[in-house]
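Chains: A, B, C and D, in written order; residue numbering restarts at 1 for each.
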Amino acid sequence: MSAQAASPTLPLLSRVPGVAIVLVVLCAIFGALSPGFTTPANIANILTQSTILLLLALPMTVIIMTEGLDLSIGAVLTFSSIVLAVTVLATGSVTLAFLAALAVGLCFGLANAALVALLDIPPFITTLGTLGIAQGLSLLVTDGQSVVGIPRSIEHIYSGTVVGIPLPIVIAAIAYLATHALLYHTRFGTYVFALGGNREALRVAGISVRGMLIRVYAFGGVMAGFAALLMTARLNSAHPTAGIGMEFDAIAAVAVGGTSFERGNGWLLGTLLGVIALGVLRDGLNLLAVPSSTQVACIGALVIVALFIDGLRSER
Amino acid sequence: MADVPLFELRGISKEFPGVKALDDVSFEIRAGEVHMLVGENGAGKSTLMKILCGAYRADRGEFFNAGKPVTIHDAGAARQFGIAVIFQDFTLVPYLDIAQNIFLGREFAGRVPGFIDRRRTYAEATRVLDGIGFDIDPREPVHSLGVAQQQMVEIAKALSQDARILVMDEPTAALSDHETEKLFAMIARLKAKGVAIIYISHRLSEVFALGDRITVLRDGRKIADLLPKATTPDQLVTLMVGRPVDTTYTRPERPVPGEVALEVKNLSGPSGFSDVNLTVRAGEIVGLCGLVGSGRTEVARAIFGADRVTSGEIRLFGAPIAESIEAATRRGMALIPENRKTQGLALARSVGDNIVLVSLRKMFPSGIFVPRRALKAARAVIDKLRIATPTPRRPVGTLSGGNQQKVVIGKWLNADAKFFIFDEPTRGIDVGAKSEIFRLLDGLVHNGAAVLMISSEQIEIVHICDRAYVMRSGRVAGELAHHELTEANIVRLGIHQ
Amino acid sequence: MSTIADKTVRPQLALSHDVMQAFYRLLAVALICVVLALLSDVFLTMNNILNVLRQTALLFLMASGLTLVILTAGLDLSIGANVALSACLSASVIKLTGSPLLGVLTGIGCGFLIGLANGVLVTALRIPSFIATYGMMWMLTGVTYYYMAGETIHGFPASFRHLGSGYLFGVPMPVYVMVLFLLIGGLFAQRTIWGQQIYAIGANPVAARLSGVPVERRLVLVYAMSGAMAGLASLIILARINSAQGDIGEDLTLPAVAAVLVGGTSLFGGSGTVAGTLIGALILTLVLNGMNLLQINSSWQPLVTGVIVLLAVWIDTRTRRIGE
Amino acid sequence: MKYLTLGAVAALATLVSGAASAGDETIAVFTKNLTNPYFQAVRVGTETAAKKLGVKVIQYIPTKPDSIPEQLSQVEDVIVKKPNAIIFIPVDYKAMVPAVEKINAAGIPVTNITDRAAGGKFVAYVGANDYSIGLETARVLMKAIGGKGNVIILEGVKGSLTNTDRVRGFNDAIKENPGVKLLASQPANYQRLNALQVMENLMQSFPKIDGVLAANDPMAVGAIEALEGANRKAAVVGINGSKEAVELIKSGKLLASGDFNGFIQGCIGTEIAVRNLRHEATPKEVILKPVVIDKTNFGPYQTPVEQRTCPTLQSLSAS
């Protein structure tokens, strides 16, 4: 909601279609067909499940707005989560472990930034490479085993609640609001629009494009670190395959949310809706006990339909 | 006081690998004057300005701000001296609003560090926009603005940096006369405020209409520093080109118009034109004028099959034509689009590749592509149009504007097109190249081709065309036979009474 | 604007760049071979070389079609899923009819149709290829899972399996298929007007359209070809492992993308060659083969692949830089 | 965003009454993926038994094969739906413990089959001992190659419980035969193509390979194809007793396959779950004794799982 008030550049009405329509339709269908769907418990359930993906989709939106991409974010999440678990087992200090996870995320973020900004390697390729690296490191550190036996205190980060609201939702909400403020109310955000829209404008304005790119990808890495904390807490363990393919889910969510891959035309609220739409779809299909194979096909259909609707709109 | 220039560059030299872009150029700017900077493309105008605004660093040379020696090492420094540039290709961010664009890089800090004080931003933006008499909501996203409006935003942006020195690089290139008048009015207002304006232009009319002083560059050297009153256009052009050129290009005798090449009946389309009627005969050049946004380009694109039409009929050489580009090209229609970089050429591909692109089917009906034959054809075109390139293998993006335009025309010649639509064929092309293009047009019609030419420069239309249609808000406001073809008439028909 | 600006290259390096690209890559191949030859005495045996080529063939077949797509500045993430479905369908056709020929036709046909669908999504529905083919990937996988219901189809006539595991004059069949399609692909891209148009579309779609190039139809063609190649690859796999299973196409897509990129084709479209893709595929296969020969912990494989991709592209950007 | 958080508050406020409607007895079955025939056999097993016992089973399978987060999500979704019982194969025996605890917390009786979860409360565990199956299958191969020669191990997905135990079994069998030399032990992730290519590469390094120990049937098949491709002979064994494997044994290409019998595990798992629902006595643990299918005994395995009948607990304990 606050998005349209805060961002005159994005009149909400012109954006509503695509994702919003899909989301409403999905909710209507599942609500009608499955009594379990509308129960508060289930809604809380959907939102909680969406939190990790949201933490990845937020920075992905920002990165895609700069005409970039981060394919490594899922693998980085995995590796951070492993480092977190290993550290906590070694030192027993949750804080230290969490910091370690953030550090790993930051390092990969900076690595991506360095390759993109300093060596001018296209983001897709850069992050495809770092994806492999993070993946490999995860396997090497764990030898394919899941890391277990971490203290319960970490698990509470996922299962705990604040004034009755599940902690993950609170964290995700904070992350969303923070990103929103960052994108629509700060210099950083303004320059993100410029990175995708017209880099020359930044240069003329005397702002370092490289510096900005570095910040953007670092942001992605750090958010992956946070997501790693939730993921580890959720699994109460770390596993070298836990985050595989999440980068594509995140990208799909962003695209479904109506952010375009060109000219810095992005919409953060759309990303939020996109993430929830994916969550609703999976949850609803499970409640309806739809065969897994059909579920797989539905996810693909969702992505295409949402973008198709946006496409129709953009034609006029 | 007055003889101490506001800002001065002395003995500026700049080399790029292989090229001496600037050689010991001196240049001074005085408060409240419009200083015309002229010269053919590649004369070093842009380089000089980039150095002035800190985008490039000079190899040698000094700067003086109000007589005091200073250095300009980056854009920030230049801004401190109140130097602002409005570049040809705008520096606006499409999905930010006007206010955000105006203050890009100079946002007003809010209470929280890093945050922006929005209220102040919009207040200031409104103030600046009012200052230049541009009445628009600063919350408008820039991507929804027209070219002219975007340029106003550019100017507002520059002035908001309370610029004392404003550099304009071909500001009217994208403007209709109507809009140009507004721009000139504003320049007058700025002068009054004591702002110095450096104005780069290829349009002699402007140079003499606006300029208080003219500096001529050629091949990176300063050739002359003149006063308009004491100069004639021919002198000026001779200085620019280094050889005498007739700018008042006189139209040679044209053949008697032949069969009807193009016939458009009650054409209407969603892109904003309705009930358009045109005829173009073989052997004549017909102008299509009117303000930017009056639907000229849209009609042209529709005729070419690039845009949809809702009703009406298009006949090419008598036969109706299916609205598709392929059909049009196969039937010998050609479009030379207004923006050659984004619409005309595959810049990374070689000159040869671009030249044969249209005629692939014709040249290789079997579908098998034979590089040798392609190169041969390309060379023929290159010679015919005197395109300055050592080899057809050279990426077309590395050629000068004029030569790029020739390549665009060349690919249609190679496809032996019979009906040509030229959309702003001389935009951003220097005087020398311009008259070459005109001769080319002549050559075409003499060989029995027909030409429909869109131009924002009435003078061109008057000089080159046999007839002209004038459009106003999507409709043909009138047709001007050759004897009625005057700038005055064009303007009269073109603007709303 | 900016991307177009990026594409303007200076003449002298326009030549030298391609030359250096090829040079660096062949150098890399040679280097890897030397190292492996030193470290492993079996590397240079005829068997192993043929073995490497056979494995390269598979990767190349998938990557060759993809190269054309990437030449138009597009992407096809559905080839892996495409392989899975095509393989399973043609497998059951062979089982039912016992005719390898029908099976081959089914496989290629299925792949082709899927590619066609991608083409329509990208052109008619104007969905960015990245997303369109990603969605397609999910849908195909769903269909495959549903169709196979966790079962496997196993045991095909020798004549069919010959395609994957057979030899001709001591050289594995897939290698011939690879060479054949290297020629076809190379000729199509360099020596046909469609190839020329495809490069033009990649370099500047607007200019291509305004030059009378049927952009939509060419794009559809390109995606269809990519699909057909995936279908063909699925047959080779099928013939080699002599059985089809739902997960057959898993993790085949990104390696193919990697091969194209290592092969020096630009993601921005308009520049790259099918031959380059072959070298790319060869490099990746050689490294994995070497790691197997040296019995290096397989956990290293993703890491090494990643580094290679980065290295290859970095060298490209460097060679571009040198000219400027 | 505001709405969502509000919704969540409301949600938690009334969490207490978050129950789904209860119809006839339904049992939710969790398996690892849609692609491995083994789990298909398990699913068929549960359905066959369910038909017999007059209950309804619903299958839950991650859309991404073996995806930990996804199975966790499915568990959370299912808890909302409150089935009467759950039959559970964890995609990862350690990482899924929190999921099991969630089920326990929701008070839904859960029966663990195939992979023994590292924690959580279960009605019972039904499975085969991967170690002993690995051991027995390997022993068959050792006998076939006369207790001497060179063998290769094709491992499954690193870190999966089944793989670790099976490979341990293999190695112990090898230790029993001092004449046998282990040339290499490479992972091929339970996948055909991987197995094929790993095998091809290994054959380059090792001119003489007498036996191949594959941790599942698809890898065994991959190895066989590789061997045939190079016209080389070696005794190959796999594990799972899949339809495909049985055919190969019949045709003599595959020496043997350890019968991990997912079908029976599905049957027994379901029977136990139902007995537990009906408050009948149930064993805490059923370990199927390892059977190795080879030329001598493959007959009965030719009937496709769909047509097999479920053995009962008694019949098992009887035999």
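Note that contacts are C-beta pairs under 8 Å (C-beta built on N, C-alpha and C of every residue); 3 or more make two chains touch, one makes a residue touch a chain.
As the structure is a computational prediction, the values presented were derived from the model and not from experiment.
Looking at the partners of chain B and chain D together, the chains they share are A, C. When each chain is reduced to the average of its Cα atoms, B sits farthest from chain C. A separation of 44 Å divides the Cα centre of chain A from that of chain B. Once the centre of each chain is set as its mean CA position, chain A and chain D turn out to be 33 Å apart. Counting partner chains per residue, chain B shows two or more touched chains at residues 89.
Among the residues of chain D, those in touch with two or more other chains are 34, 63, 158, 187. Touching of two or more other chains is recorded for residues 1, 142, 145, 149, 299 of chain C. Taken together, the chains touch in the following pairs: A-B, A-C, A-D, B-C, C-D. Looking at the complex, you find that chain A touches chain D at residues 1-2, 35-36, 39-45, 47-49, 52, 139, 142-146, 148, 155, 161, 163-166, 169, 173, 176-177, 231, 234-237, 239-245, 269, 272, 276, 282-283, 286-287, 289, 291-293, 295-296, 299. Those residues of chain C that touch chain A in the shared complex are 1-2, 121, 125-128, 130-132, 134-146, 149, 254, 257-258, 261, 267-268, 297, 299-307, 309-310, 313-314, 317, 321. Of all residues in chain B, those touching chain A in their complex are 53, 55, 74-76, 79, 85, 87, 89-97, 100-101, 104-107, 110, 114-116, 118, 139, 141, 143. On the chain D side of its complex with chain A, the touching residues are 1-5, 7-15, 18, 20-21, 34, 58-64, 66-70, 72-74, 76-78, 80-81, 92, 94-95, 97-98, 118, 157-160, 187.
Interface residues of chain B, counted against chain C in their complex, comprise 89, 304, 306, 325-326, 328-330, 335, 337, 341-350, 353, 356-358, 360-361, 364, 367-370, 390-391, 393-395, 397-398, 411.
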